């Protein structure tokens, strides 16, 4: 069974006036896809094609006009209305590494906050500090990071903390919206390694949003291509790169640069 | 545009309605009986009661409120009991003096725009420090005190200008200067920060890369961009200006709306208070509309009717 | 735009803060505070105690009982120095109370409106519009003029419109803060709204709000003086600079110091508040 | 995309020979005031930009690329201290009078900025902004209009007759970047500084802008200093590349050579980190640690904390630039085989 | 705009006078709500004519009325109107106009109407008006001096350009600011000398004084003592005093706990050094009072002065068991009483009595006054018509409930005085009443108030009458002579 199923999703940001006139296109227009446990699905597409909007619908941060999001076969609504267990199970890593951590909070309190909100996820029988250190070690950070604030961390470290925060709740789906785009290439591969490692170790499903086709090729099992709010093509990564079906996909692949063959 | 007009009208009506409602309830909650003021200490209880009936003060608050709203809609606030004239007419008759004073003050205060632009364009330099210090000091002096000090020096010591009343152009100098003082300071500060912010905008910095001199950059790119916030923030402070006018009019016995309102409050002349409040709210709304229109002309991104 | 969104500007604006000026302003402010809070303990002054034989003495004159009136006396023979000191206390107490009241109300309303959006926001925003449109001092005049005189009424009159500035600022900041990824992250976890506002919103609103508080303090002090000048609000037994200035109006020709001195004191207080406020705004705030 | 070398083109003959250096940057250092005193954000940087060629400045965030470019056009933030030489037609830009530098801006050296949204004045039409430098130069209004429309057409903006009267907010990101290029071209400069000109753009748009830049360079014979952190962009556009790390240069050489066979361990790490699209690559073995900012530059070789081959010498001694092949310099005590 | 004195220009001085009025003229309606405001009264005196006017101490002379005759018990008063008096529009003044004006006054229930509760006016013939009171009203003439007659045909004209039969006609009226008047050529008393009279309101005292000094205005009145030093030494200005009719009256609320006993009230009075306060604060306008009403009022009778004696006062308070913890709330509404009230409070503080002076808005003051929500009430009381009936007779009866004081003997005296028309007898009765009030210290009566008039010396022929409503009909502008 699929972990997540998105059915015929429609989202727009129209004002009442625009809706009445109905001239502006929807930001997301009839998108459907499924994601199995263990699977990494990448969504690619150009700027404004609706990738982020789809991701936010999945995690419940964005209201939708039409369609459904099913988690484990059960429809889920906005995040505030989800049962805590579902809420725990779907976590997200954001694009801007520094901005996704409250700059006034220490890493320790950022992670502790998740456990305070979800006592069921809190480590039992162990001190929280030990658990936090363990978690930080999992994402490749030293224990001394726990007492620091986001402002004292580099971009790559922030992104690791973000991932640690998500993992603290032992989620089943991790949504990464441009999670490596803001990072320098040398750090980008650190994070990609970390994600693939976690996926293997914890059986995470990953919804990976990016505009970098090279990264997609490295980590995705399947790829969905979005264009102007619609899903134009969904295929396994190998198929898509070798045999692009939709003209838009082909255009995208053509435009992509490579180091070699310049 | 239609949409903007509709929206503005709706907001305007709401603001006017809100301000009027607020004043209505404050007045009804206030101690002090209008009927008593009207009749003086010698009236009998029966007379007072009769007067209250005549003024509608004996009716339940919601009824009074409804009555008040109909007055509001018809611009008929009844007679001022003190002046024996229709309150709205009276208030209107005081308007020109207030408008004259505020306009002259605004013209004077425009010097703040120049000062602020100078300071903003030379941020951190001595000229900026000088102007900013001057503006801050000016802003910090209570306007009525400025007025009194002006009277002390200009009228009493130097005998240069008359200290009160109306008539000749000389009469308006001191009140207008006084009223203009804080507004000048305000405009200086707004303009300075707006110009300084604009100077730091990437597109201004990048205009230098075209080989423009500071003067060319300022005239070509800064002025227009910096003007929008000055206009909108400035318009927001028109109500401050009107508020200041009340005090300044009292200091200089300027026969405007403000001094009328202050005495009306003291005398519980409700009809005048209500009419004046309505008129002031209308003026403020009009100023904000004007500011919107100007801002829309200045900045092509501003679409009238979009957003709040 | 995708890719690198939060890049610094090419030339990040380096605000030239002036710590020395701010430090001086702070010292002056603390001076006022000490004068206002401790001065009354040192200088015995009874605003009701007149000494008609010593009326209108100039600065430095000697009273009938041999003491020196350092700053002269007023029309009822009261010591001007005493009035300045007690006036400082009034101004500071009212200024702080108004700011505290406005800050709490404005912060609560502003963050709620900004965070909850929807009808809460519409209602609060319209209320803000209405109060913004109507001149605050006029509202204060109407309220203070109609209600019985007391310090509380003055605080109320000035606060009725005063909280709007805080609310607007807090709302604006909250509107942008609620879009911040860390707020989204906390929402995803399911952090309850009150915790959300207290932990993830208010710490970032409080800086600019503090900067605004200094401006509002200055405004409250000036407005209180204005009300007292018009003879509204404060009971006559409470010394207020505005009232002293008004009292001195009738003696401009013969005893200018009665009006001039409290005006200077007031200006000094507001200027130093303004300097500190400008500094704080540069450090913590948004420019407007 | 059609970068054919045309033999009949006289400039390409020069190009193939030793091209004349248009700009020679020598030992450039820039100090900026930071919260904890002056920070040397650019340290002892030397490179040349040759006529009609594109020099690429590569480096990760904070490595000092923008500051270097900004120093060349002379618009460093207040408080910046510059030392070294920047020879431009025999004159030193560092010591040149501000008056003369201003005249050079736009006409001798022009700049294209990363974020085209922020770089355009929102209250003026695109046409006005593109033509501003012409108008200031005294060209009659009619002619300015014609030239502007022509320029917009050349950078590939459709319907320039109507488009020139529109405002920036009516342009898409790609069009805005094209307008920026047109603005830079308006003064017919000899050198264009392009700071991350495509970073904010979609791949499809990026490809078109890069093609445009190449075409412009070829057609107008302008030299270009291209600043980017994207190695793939560099590989496509740059003739020479300069790799920077923490304010210092690691490696200089022809684009193809540096990116195909990097000599500096850092360059190598960068190159292997770039995932390929046309073939499936494994995720590269990542470099340990994080890029350092100039403010916390370690002693010795700035890269040593992340370098697998670091020796004691790297920790203490700053490696000087050394020639490893013709036109190839590396600042490493133990360079890889070139 | 106006001539100012000092110049030696020959006989042909423009007859124009600019006056800064004491309180703003907001309304020209002499019958309406603000009919008793000083501004309205000043204007009315210039524009309209009353039936009678006072010449002091209970004596009156006719204006519109040629003669009058009360009946036996002063209930029914018959007024015979002067012939050939015309309104400025040329119509004659008839009894119908008088009756209509009187009825309007009653109908509008303004401040003046309370004086005439139960009165009725009837015309008998074109020239005779009969005013009938509910009971005897010997003080009627005094009440009528502020009653002005307006044409019956013009009673709803908006009152911006009213028609009257007074010495002047309205040229331009801007409420609250200025009233410009021109002479009434048909004035029965002869056309006034002034060609133009401007009554301007200048709110701020400093501004008023500046205007006087610069010659912007030629005269003003009710100038406070503290302004005199600034005016002294100006050779163009002349300062004069009226005879005054005001008494600073400081009722002590006898219905309050602690103030019930006359001994206590007298002790409080004794504890304030009024002579010194008056000398310092009101050197020109104040004099120590010796009666509840001022000397030019019918009913004035000098009483034994209350001497300043804090020791005796303290002892008396101790004896009466005064509660020194209680605070006396002293209310007043006009700001000019602030210093006075403070001075009183500080003298009382010297013997340990706590006083809290409280300034109240007029409306609140009035409400509290009538509700007896005060301990000490500071007011300046005038005596309308210079007849104690309008003061003592009105305010001190038990039924009036004004002061919290009630004394049956006093009630009797006042009732008798109110129903007699014999002047001598009334004087005697009021003198007795005066004594009771004074001795029982219903209030403190510290000071008679006179008013200062300041004019340019070119202003001549101004007859200063008590009552703060100058008469401009006789004024002319000289060459700056006397």
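Couple of notes before you dig in:
The letters A, B, C, D and E name the chains in turn, as written, and every chain counts its residues from 1.
Throughout what follows, a contact is a pair of C-beta atoms (placed from the backbone, for glycine too) under 8 Å apart; a residue touches a chain by one contact, two chains touch by 3 or more.
Remember, it's a predicted structure, so these values are computed and weren't measured experimentally.
Here the chain-to-chain distance from chain A to chain E, counted in touching steps, is 2.
Note on connectivity: the fewest steps through touching chains from chain C to chain E is 1. Of all the chains, the one whose CA centre sits at the greatest distance from that of chain E is D. Comparing the chain pairs B-D and B-C, the larger number of C-beta pairs in contact belongs to B-C.
Rounded to whole angstrom units, the spacing between the C-alpha centres of chain A and chain B is 52. For the pair chain A and chain D, the distance between mean C-alpha positions equals 33 Å.
A separation of 91 Å divides the Cα centre of chain D from that of chain E.
Contact with two or more other chains is made by residues 1-4, 9-11, 145-146, 148, 249, 252-253 of chain C. Contacts with at least two other chains are made by residues 204, 206, 361, 364 of chain E. Residue positions 31-32, 148, 151, 156, 202, 205-206, 250, 266, 268 of chain B each touch two or more of the other chains. The residues of chain E lying in touch with chain B in their complex are 1, 26-27, 29, 32-34, 36-37, 109-111, 113-115, 117, 158-160, 174-177, 200-204, 206-208, 210-211, 214, 216, 361-364, 366-367, 369-370, 394, 402. Interface of chain D with chain A (complex): residues 60-61, 173, 201-207, 229, 231-233, 235-236, 256, 259, 269-271, 273-278, 280-287, 290-291, 306. Every residue of chain B that touches chain D in the complex is listed here, in rising order: 201-213, 216, 220-221, 224-225, 228, 298-301.
Looking at the complex, you find that chain C touches chain B at residues 9-11, 13, 16, 125-127, 129-139, 141-143, 145-148, 218, 222, 225-226, 229-230, 242, 245-246, 248-249, 252-253, 256, 259-260, 263, 266-267, 269-271, 273-275, 278, 287-288.
Residue ranges on chain A touching chain D, taken from their complex, read 46-47, 154-157, 184-190, 192-193, 196, 211-215, 217-219, 238, 241, 251-262.
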